[in-house]
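Each of the two complexes below includes subunit A, the first together with subunit B, the second together with subunit C.
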Partner chain A sequence: MISDIGHGALAVGTVLAVYGSIASGVGARTGRPALIESAQYAALAVFTLVTGCLLLLSYAFLTFDFSVRYVAQQTNLSTPFYYRITAVWGALEGSILLWTWMVTLYTLLVVLRHRAQRDLYPWVLSVMLGIAAFFLLVMTIPAPPFERLTPVPLDGRGLNPLLEDTGMITHPVALYLGFTGFSVPFAFALAALITGRVGDAWITITRRWTIIAWYFLSLGLLIGGWWSYHVLGWGGYWAWDPVENAACMPWLTGTAFLHSAMIQERRRMLKLWNISLVILTFSLTIFGTFLTRSGIIASVHAFTQGSIGVFFLAFLAIVLLTAFGLLAWRWDRLRAEGELDSALSRESAFLLNNVFLVAAAFTVFFGTVFPLLSEAMRGVKVSVGAPFFNQVNVPLFLSLIFLMGVGPLIAWRRASVENLKRNFLGPVLVGVAAAAALHVVGVRSALALLSLGLTVFTTATIVLDFSRAARARMRAGSRFLPAIATLLLHHNRRYGGFAIHLGILIVAVGVTGSQAWSVQTEATLRHGEAVHLAGYQVRFDGLSAEEDSTHATVIGTFTVSNGHGTPTVMRPSKKFYPQESSPIAGVDYRMGLREDLYLVLGDFARDGSQATVKAHVNRLVSWIWIGGLVLTLGAILAIVPDPQRA
Partner chain B sequence: MSHRWVVRILVVAVVAGGGLGAQSATADAAQDRPPAAGTVNADAVREVAAQLRCVVCQNLSVADSPSEMANQMRGIIRDRLAAGEPPEQVVQYFVDKYGEWILLAPRGRGFNMMVWAAPVVAVLAGLIAVGVLLRRWTRPRPAPRAGGIDPVLRERIRRELESEP
Partner chain C sequence: MNRNAKFIAGGGVIAAALAYMIYAGVTQSAVYFITPSELRAAPVSGKAYRLGGIVVPGSVQWNPASLELAFTLSDGRGSVPVRHRGTPPDLFGEGRGAVVEGNWSREGHFTASLIMAKHSEDYKAPRGTSGAGYQDLIRTLEKDGSSR
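This part shows the complex of A and B:
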């Protein structure tokens, strides 16, 4: 029953999306508003149908309807309520459904917000519905979420235990909101090409959309890191897994676009470059899905298989051919000569920022596909993993941190020596002083010194700028807090951007600290024995076992003391799921601003007399999560309506 | 509040943060006892293990992986280092056994040079492109004709003034 309704709704949705896409385009071309209006209704109907499907699938999960194959694969009678909801997008079919739902949601929001806009809007609607149509098509042919299963099994297979985590409600949702969010600026860019209005209108309109998409993508990446850190049990938060890379690439090009768009807004240059960056960013989100879903690359995220890879590859080809075809067609209008007053200006700082961001994206891309290339051309399997990516990206990221300090303060057009001295002499001295001070207190790693020195430099430029502006207001008669508040609200774009930079800098401190100073050890302990690590004493006090609805757990009890304060008990565990061949680690951790103590249980004797424990002392990792919070505040500030222009 | 003041606080905060990490790190170093004869420093094992891929995991190094297989591989590394083999030779042992695939970063020779060269080429190409563009765009232009200000220019000046805090 549910199968039939779901299938039907998706089929109707596909037809309507195709119709709407064509109607809107034809309406725009022939100047018939009635057609565009009917496309709007189609968009509304598609959104309603996909929402209905999402609810229907959730209902199937909540009622254990194992006649739906996807439900039977992803859940069983013992899956608790909460995870039956997150299981909806726990695998391929459901995640495509969630993805489609978001595309249709963004489409509807674009209709609501921009329908008064007459020249670009109909084409935007056409493109967005076209994208939705593709994803609906995927759900009707290669990845049907409502496929029927006969005979109906008595119980399902059960959810992948790694996904039984609260992070699973937020991580995919945030990530997909980011991915799908980039379809809005992409649709506007295509509309600009189709209509030939390649001026800055589309850039101005999509500014907020881009920030929203960028923010959700950042959030998705950070939550993914958090999930990896506290669920996977290897002590890290970023493994340069192909799928992490796939999500990281559009983030890099999207970041480049956010910055180069500012040059176009202000100087009306880089039209061609901006449109290319948006096309690239959107294509990379599709490429990422292709990489994840086609199973061509082994990864923790790879769901598998089947003909879906061909669909995504074909779609990617259509997107690239159409977009760059249009670009070539409008070449004359885009090719406007740039004009700059000086190479020493904010414009060139932003250009360099773009070089490094796009080079990083390219590096990640090439590293990720290189194993395929090697196998195809030489027949030799190679791996490209963390040691490679860390090594090649560190110089790029450090350059970006430096530019992050320079860009916002250097003058537009032409920086005078005076301007440079006024804005950078102090921060440079502060940065150097900080590096020297760190050297004195015992930091020996050159990389850590460089990274923290640059971070301090850039932070100092932000503080300098903000305090200068605040003091100017205070001289004009404002008191301290009101001065800051008006400053933030009236220049929300600028200071939202600064807050986002600050968030990234805090993340950078966390990454530097955890890379440079984390320590770990592994020891097999008998009852009452202890292992020592970085001032902590970890004593093994025995094993216990528990059983709950989905799995059995073996828990190690460890008493931890660090010389002062009362000892605490930590209980890392191993979870045994009937459907999984190997056990899943249950990490226990104590987080702190300075360091986290992180315990993972290894092998153990069945009689509980001894156990192996891996202990990590991970330094400054919490700064990464704090940076994420600051970034969130900055993003909110950057998208609130500007009171001056409202 | 003077900005110098804020900057000072900031420096103290970051130095304190970095110092915290560094202090802990130096304290760790002090605690490390010299390895007894015939045993191997855990860091040496880790350094080799971090270069190798855990053969049963997805994309984790032998150093990071919690799997039993990785555990055994760490054991082999420890034994071989303890027997006096240099680290490169231990790595080579695994390459001979499993193929190049075991290395998490391909060696930079032959075909694999490409993957290492790519970032360098990308950055250089980007820098050259920006250099060429900057040269072209900053070329001096003929002075604007005398007379009223061009409306486009006026609009641009207005926008730039408006968005500067």
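This part shows the complex of A and C:
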């Protein structure tokens, strides 16, 4: 029953999306508003249908409808209520459904917000419905979420226990809102090419959309790191895994676009570059899905096993050919009106920032597909791991932090020596002093000194700029707090951007600290024995067992003391799920601003007499999550409507 | 030098630097993915390998006190003794697949610095001990990356 309704709704949705896409395009071309209007209704209908499908699938999960194969695979009778909802997007079919729903949601929002806009809008609608049509097609042929399972099993297989985590509600949702959000600027860019209105209109209109997409993508990456850190139990938050890389690439190019768009707005340069970046970013979101969902990363030969890879590859080819074809067609109109005056200018700082971001994206791309290239060309599988990504990206990221300090303060067109001195002498001195102070305190890693010195330099530029502006306000008669408030609200774009930069800098401190100073050890302890690590004493006090509806847990009790304060008890565990052949680690950690103590229970004796424990002291990791919060505040500030211009 | 030439020169320098960094990165961190029989055929000591196979039943020796783990990986045609220091990961077990990263030591065993066995939503234990089962398994393990 549910199967039939779901299948039917998706099929109708596909047809309507295709119709709407064509109708809107034809309507724009022939000047028939009625057609465009019908496309709007199609968009509304598609959104309603996909929403219905999402609710229907959730209903199937809540009622344990094992006649739907996907439900039977992702849940069983003991899966708690809460995780039956998140299980909806726990695997391929459901995540495509969620993805499609978001595309149709964005389409509807574009209709609501921009339908008065006459020249670009119909084509935007056409492109967005085209994208939705593709995803609906994927759900009708290679990845049907409502596929029937006969005979209906009495119980399902159950959710992957690693996904039983609150991070799994927010992580995919944020990540997909980011991925799909880039379809809006992409659609506007294509509309600009089709109509030939490649001026600044599309950039201005999509500014807010781009920030929203970028923000959700950032949030998705951070929550992914958080999930990896507190669930996977290896002590880290980022592993340059292909799946992570897939999400990282569009983030890098999207970040580049956010910045280069400002140059076009201000100086009418980089038109071609901006359109290319948007096309690239959108294509990378599709490529990322292709990469992670087709199985191609495992092997070139695995690619042919499922048809979903073929669909995505074909779609990617269509997107790239159409977009770059249009770009070539409009080549003449894409010439820059302004030009670069000097290497010491805001334009060139932004341009350099773009070059480094795209270089980083290329590095990640290259490293991720390297095994495929080598297998296809030389027949041997060679992969490059985390050392490769770190080695190439760290210099790029450090340069970017430096440019983050330079870009917003350096003068447009040509910076005079006076300008440079006025804006950068102080921050440079502060940065150098900070590095020197850290050296005195005992920091010896050159990389950490460089990274923290640059971070302090860039923070100082932000503080300098803000305090200067606040003082100007106060000289005009405003008091301290009102001065800051008006500054933030009236120049929300600028200071939202600065707050985002501050968030990134805090994340950078966390990454630097955890890479440079984290330590770990592993030991097998008998009852009462202790292991020492970085001033902590971790004593093993025995094992206990617990059982609940979904799994059994073996818990190690460890008493932790660090010389001062009362000892605390930590309980890392191992969880045994009946549907899984192996246990899952239950990490226990104490978070702190300076460091986290992170315990993982390894092997243990069945009689509870001894246990192996892995202890990590991870330095400054909390800064990464705090940086994420600051970044969130900045993003909110940057997208609130400008009271002066709105 | 006119502006365009400067522009191209600058871009060229950056591109060359990036190309060099990528080249150096690849040569220094390339890891060769092989099976036990391939390693047996041409072992090169010191080269970084990712070795994938099935943990031979009965071969696992784990000494909790010294944290020494020893086992044999096989692909049905050849087998390689592996040594590792550290607790076996959760997914590790006899008769199951594992991918280990490390190098071939002159003493005649593989020294693993990392044992990879990660969970996936479609992980299935292989049936039988030869043929396609191995390939699929290794593929699953490769695809799912690593837990460390």
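What we mean here is this: the second predicted complex is superposed on the first by the 635 of 646 C-alpha atoms of A that agree within 3 Å, B and C clash if a C-alpha of one lies under 4 Å from a C-alpha of the other, contacts with A are read in each partner's own complex, and residues count from 1 in each chain.
Following the convention adopted for this analysis, a contact is a pair of C-beta atoms (placed from the backbone, for glycine too) under 8 Å apart; a residue touches a chain by one contact, two chains touch by 3 or more.
Small disclaimer: the values here were computed from a predicted structure and weren't measured.
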item: Clash-or-fit label for the pair subunit B, subunit C on subunit A; value: clash
item: First, second, both or neither for A:S581, with subunit B first and subunit C second; value: second
item: Which superposed partner A:G535 touches (first subunit B, second subunit C, both, neither); value: first
item: Touching partner for A:S383 - first (subunit B), second (subunit C), both, neither; value: both
item: Partner chain in contact with A:T524 - subunit B first, subunit C second, else both or neither; value: second
item: First (subunit B), second (subunit C), both or neither touched by A:A239; value: both
item: Of subunit C and subunit B, partner touching more subunit A residues; value: B
item: Which superposed partner A:L438 touches (first subunit B, second subunit C, both, neither); value: first
item: Which of subunit B and subunit C A:D603 touches, first, second, both or neither; value: both
item: Partner chain in contact with A:T363 - subunit B first, subunit C second, else both or neither; value: both
item: Which superposed partner A:Q391 touches (first subunit B, second subunit C, both, neither); value: both
item: Colliding stretch - subunit B into subunit C, listed as 7-15, 25-33, 79-87 or 97-105; value: 97-105
item: Footprint overlap on subunit A, comparing subunit B with subunit C; value: 233-236, 239, 241-242, 298-299, 339-340, 343, 355, 359, 362-363, 366-367, 370, 380-385, 387-388, 391-392, 522, 582, 585, 602-603, 614
item: Parts of subunit C lying in touch with subunit A, wherever the complex brings them together; value: 3, 6-7, 10-11, 14, 18, 21-22, 24-26, 28-34, 50, 62, 64-65, 67, 86-88, 90-93, 96, 101, 119-121, 125, 139-140, 142-143, 145-148
item: Residues of subunit A defined as touching subunit C within the complex; value: 90-91, 160, 162-163, 232-236, 239, 241-243, 295, 297-299, 302, 339-340, 343, 355, 359, 362-363, 366-367, 370-371, 380-385, 387-389, 391-392, 395, 522-524, 574, 580-585, 602-603, 605, 610, 612, 614
item: Subunit B-facing residues of subunit A, complex; value: 233-236, 239-242, 266-269, 298-300, 337-343, 348, 351-352, 354-356, 358-360, 362-363, 366-367, 370, 374, 377-378, 380-388, 391-393, 396, 412, 426-427, 430, 433-434, 437-438, 441-443, 448, 452, 455-456, 459-460, 463-464, 467-471, 480, 487, 490-491, 493-494, 509, 513, 516-517, 519-522, 532, 534-535, 582, 585, 594-595, 600, 602-603, 614, 617, 619-620, 623, 644
item: Residues of subunit B touching subunit A in the complex; value: 1-4, 6-7, 10-11, 14-15, 17-28, 31, 42, 46, 50-51, 53, 58-61, 64-68, 71, 99-106, 111-112, 114-116, 118-119, 122-123, 126-127, 129-130, 133-134, 136-138, 141, 156, 159-160, 162-163, 165
